[in-house]
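Both of the next two complexes hold subunit A, though its partner changes from subunit B to subunit C.
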Partner chain A sequence: MTSMLIAISVLCGIGLAMALLLAVGKRAFAVEVDPRFEQLMDVIPGANCGGCGLPGCSGYASALLAGTAAPDACPPGGAELTMEIGRILGMEVTVREPEVALVRCAGGNSESPIRARYDGIDDCRAAHALAGGFKSCTHGCLGLGSCIAACTFNAIERTANGLVRIDPERCTGCRNCIAACPRHIIAMVPKKEVVHVLCINPDKAKDVKAVCTVGCTGCKICGKQSPRMVFDGALARVSTDANDPLDPSVALSCPQGSIYDAREYRLSDWLSSADTRKHFEERAAAWKEAEKARKAGARKEKPPKKDDDQPASSQQEVTP
Partner chain B sequence: MNILIIVLMAMLTENFVLSKFLGICPFLGVSRRISTALGMSMAVLFVMLVASLLTYAIHIHILLPLDVSYLQTIVFILVIASTVQLTEMAIQKLSPGLYDALGIFLPLITTNCAVLGIAVLNVDRGYHLLEVLFFALGAAAGFGLALLLFAGLRETMETADIPKSFQGAAIALVTAGILSLAFMGFSGLAPTS
Partner chain C sequence: MSALTFAGGIHPAYHKDRTSGLAVQAIPAPQEVIIPLSQHIGAPAKACVEPGAAVKVGQMIAESGGFVSAPVHSSVSGTMKAIEPRPGPMGVPVLCAIIENDGTDAAEDTAGTADWKTASVADLRQKIQSCGVVGMGGATFPTHVKLSPPPNKPIDTVILNGAECEPFLTADHRIMLEHTAAMVEGLQIITRILDAKHAVVGIEVNKPDALDAVRSACASTDIRVVPLQIKYPQGGEKQLISAVLRREVPSGGLPMDVGVVVQNAGTARAVQQAVTAGRPLYERILTVTGSAVPEPGNFLVRIGTPVATLLTHCGVSADRMGRLILGGPMMGFAQRHADVPVTKGTSGILAFLETESAILPPMACIRCGRCVRACPMRLVPSQIAACCDHRLFSHARAADAMDCMECGSCAHECPSRIPLVQKIRLVKAEILAARRKTA
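Then we have the complex of A and B:
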């Protein structure tokens, strides 16, 4: 018992003495640090994800003070952090539109079949390097999850159908997954946007149809619905130059079903549920009937615009 | 005479980095430039001196009389960590440039096993005060010597035509190995132990 007390008091005594020494040293060697540095460090998330391109969060804080980094460069912090930084540094800030990463591929194992057995290491980069991967579509998501390993925020998960999906609520927009994907499938999209083309296969219609049932063929039907559907060769994409989210009825016009509508469907269902697909096809068929009727009516008189069952003006919360 | 042997031994035959393989982290980490290597050596010299004197005093006057020398490791770590903190503050105040150059390696001296190694060796070998002082000086000089030699080699290597697969850490580790082999040659200096 005594020996234990002695040991404890020895350790405590030495600890106390050292603490005193350090306290004195702190006074003696006090360095003038910009008090704003500490304030910045308090508000910056501290994930050290590297999304700002600087070495860690303290590097970002220093760069902010030096004026070499922008106050909106921290993706995990988002608009809130930008405002805070503006307050601390006493400067005008413009809040950047929040962006999230999106896996632009809906071709799971049932849509784009596996063409070869892959027994290599569990990494998309390795699989992609081996003859373009085991999937029929050489542009599609391999689903081995290199992006999952790169994500420091646990925002990515595998779907039942051999794909991955990114949870937009957890995604902070740090872009680490974009660098990890060997096929460049992941891209940043505005968080408020609700319609996305989930395909990046740039091949001609015949070649796309040969490898995937939900690939974009570049038929440009969606382009007739909205000028915001733009085309890179034979591949549609939603342009990002508008302020408002795109009318989701564009998705119904797609004969391939490669345009995803976040207001109507959960992304994970869209990527792996046959029921969702069936529901979408029924809705699309109904919509096409209505369009046909509207066009027929337009020849005789000018009817009011036929609304889709999902009104374009509704601005409800995006719940993918 | 005994003192001279201790210094030479600590510096060459028992070089902490190249023979005992202690303190490899800063050896590889801050050896890119001779100037930062010199700064690191100075910081290590200071920490080694202060830490060995402090730990020696604590061992003689506190741990031994109270018969708690089994607390050696934790007490020594405590003392070393505090000394490093103090050194860090001092360097930040006196030489901000050096502070930035040393970066993360300065706080890492805390876990530099060369520093703990010298504290433990002092006690294990039963050195008296003067011997402790010179052992620390010699060891720090040896650390500095190894670091400077290596930094010089690495600065020269930057202009060398190194095969792609060897560039960077690979050639650095190979060089460190060869340097260590060279230091083996000093073992002939050692008195039979």
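Then we have the complex of A and C:
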């Protein structure tokens, strides 16, 4: 009985002594932590995606406190987080325009056929390194999903047609997929942008048509519809300079159907549904007919106008 | 003398019996040859004959594009039809000279150096370079470059590679049997150019007739003939040096760093022909075999002959063919169609049935360590492949991934069928890309 009591009291004594030591130690060796660090950690998403370019979310929080990181550098956090950071750090912030990643290729297996059987490992980089990949188009999406493996937010999925699609709602703009793609197909676009050229093949029209039925040939017809369509050589692109929305006729005017209009179709349908393509082609044909009729009308009206020397107002008068 | 070997390696099924006893048969030159202008490692050759011009057999049609480059010669006489991109053996289109054969085989006048024992070394080297001789084992490194080591790296030994360790291939075997004297003379020329003290021929013991033939041909010379164990990759440069001389080539180094130059048996014959007869490299001996080939054999083929022509000659029907490989089954290149030409580096053409070329899905690594035991470079393939999966390329570099020569022994041995060598190849490409970025 007594030996038991001795044991208990000795153990309790040791416990007390240690607790005292710890209590003293905590005071003596206390590390000053900026209370704002905890506040920041509470608001930062905590996905450790690396989108800010710093080692993890705590790295970003420390960099914010040190003043070496910008308050709008966290893509998953977006505008809300930027405002929160501004509140915590007591600084003026400007909210960045949210961006999402976009796979700029719509040439699935039916549009850009497979030219060779690929038995290698499931990695776009390996397939690309092997004689330029197994697809007819050496610039198009291989669809093996190196970007899917790189995405921390589960925002990328394969389509039925051998491509990949990024869900703009899930995409946070961390850019990890951009680095993973060996063909540099993925690019950041403003989230509010509705019209995209889904092709990056810079080759001449003949070469593009030889490998893909929906590739951009650089014919510049879309450029006539809207000044926001700009051209890098034989490749069209939507410029980000102006803020005015694009006329839907830009997509309809493309003879190759390389321009995707998010107001008309869902991206998943556009990439892999034959019905959607058919629907689009019917609309494009109708638009072209209307355009032809309008032009023919304009031409008829032109000769007398020439004499009147008022060419600028001719179009408005013809089309009601 | 017991057979020598290196550490590691594997014993694949060799399948050499079907063709090893068949004498080399010359294939008539085709109606049209497609000669790629880049058949070697290094700068592509520059075309020097205009389309429409008449060419003779052995006439230079493209000149060397630099020091590490080799000229290309016509393999038939006739008319140069065009110089245009055609599908190449590596899967990408390459610039090719298309020559229509007039069937006369009018040859360019050539002159050899009969007394090569007294001729100047520079002349011999020049002769080899102008005849477009490249390594004929498959790597196609220009031979004159290999025969010009820097002065601070003296060469004491030349090793002639008669291992032919790739399964199915028997072309070098037939060269050693049928062109023994030419091959040995070629080795003597190489030894003289390099001023090497020793010359060694290494032959795997599964070619006893070749061993005997080469031994008797070398009896009156001071060339040493050594039997090698039957093992893949016995013919790898570094493995051969390890087996024959017990020397280790340092990581990232070349055989010349340990005073050795290795040449293939076919290359030695090409060197002999270039020097003694001034004959350019416009034909080569190769093996056509595989389960889809009813009449396999060893053939003397003009460079630029379409592979499809050879397959037809051997009775292969396209619908039975599941897989076509140029080179050996371990390190050769799978082709998507037969419309590619035979090049200087094509050591074999293998056609397999669909049933034999199934790719089975990989399973998880069970840590058995067979790949580690198999690796002839003494790397840890499973570790490097894991680095590939997790995209830890700097870790893979620390594990000496760049020393991998992509022999495929690890993938061959893996019981879980993990594509180890494919993953290591990806790792190597990523490391090189990162190096280029920082440079």
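We adopt the following convention: the second predicted complex is superposed on the first by the 264 of 320 C-alpha atoms of A that agree within 3 Å, B and C clash if a C-alpha of one lies under 4 Å from a C-alpha of the other, contacts with A are read in each partner's own complex, and residues count from 1 in each chain.
The criterion applied here is as follows: a residue touches a chain if its C-beta (ideal position, glycine included) is under 8 Å from a C-beta of that chain, and two chains touch if they have at least 3 such contacts.
Fair warning: this is a prediction, and the values are worked out from it, not measured in the lab.
Once the two structures are superposed, subunit B and subunit C can be ranked by residues of subunit A touched, with B on top. In the superposition on chain A, contact of A:G132 is made with subunit C only, not with subunit B. Of the residues of subunit A, not a single one touches subunit B in one of the two structures and subunit C in the other.
The part of subunit A that touches subunit B in the complex is made up of residues 3, 6-7, 10-11, 14-15, 18-19, 21-22, 25-26, 28-31.
Remark: subunit B residues 58, 62-63, 66-68, 71, 74-75, 78-79, 81-82, 85-86, 89-90, 92-94, 96 touch subunit A in the complex. Those residues of subunit A lying in contact with subunit C across their complex are 115-117, 119-121, 123, 125-126, 129-132.
Looking at the complex, you find that subunit C touches subunit A at residues 90-92, 334, 336, 359, 419, 422-423, 425-426, 429-430.
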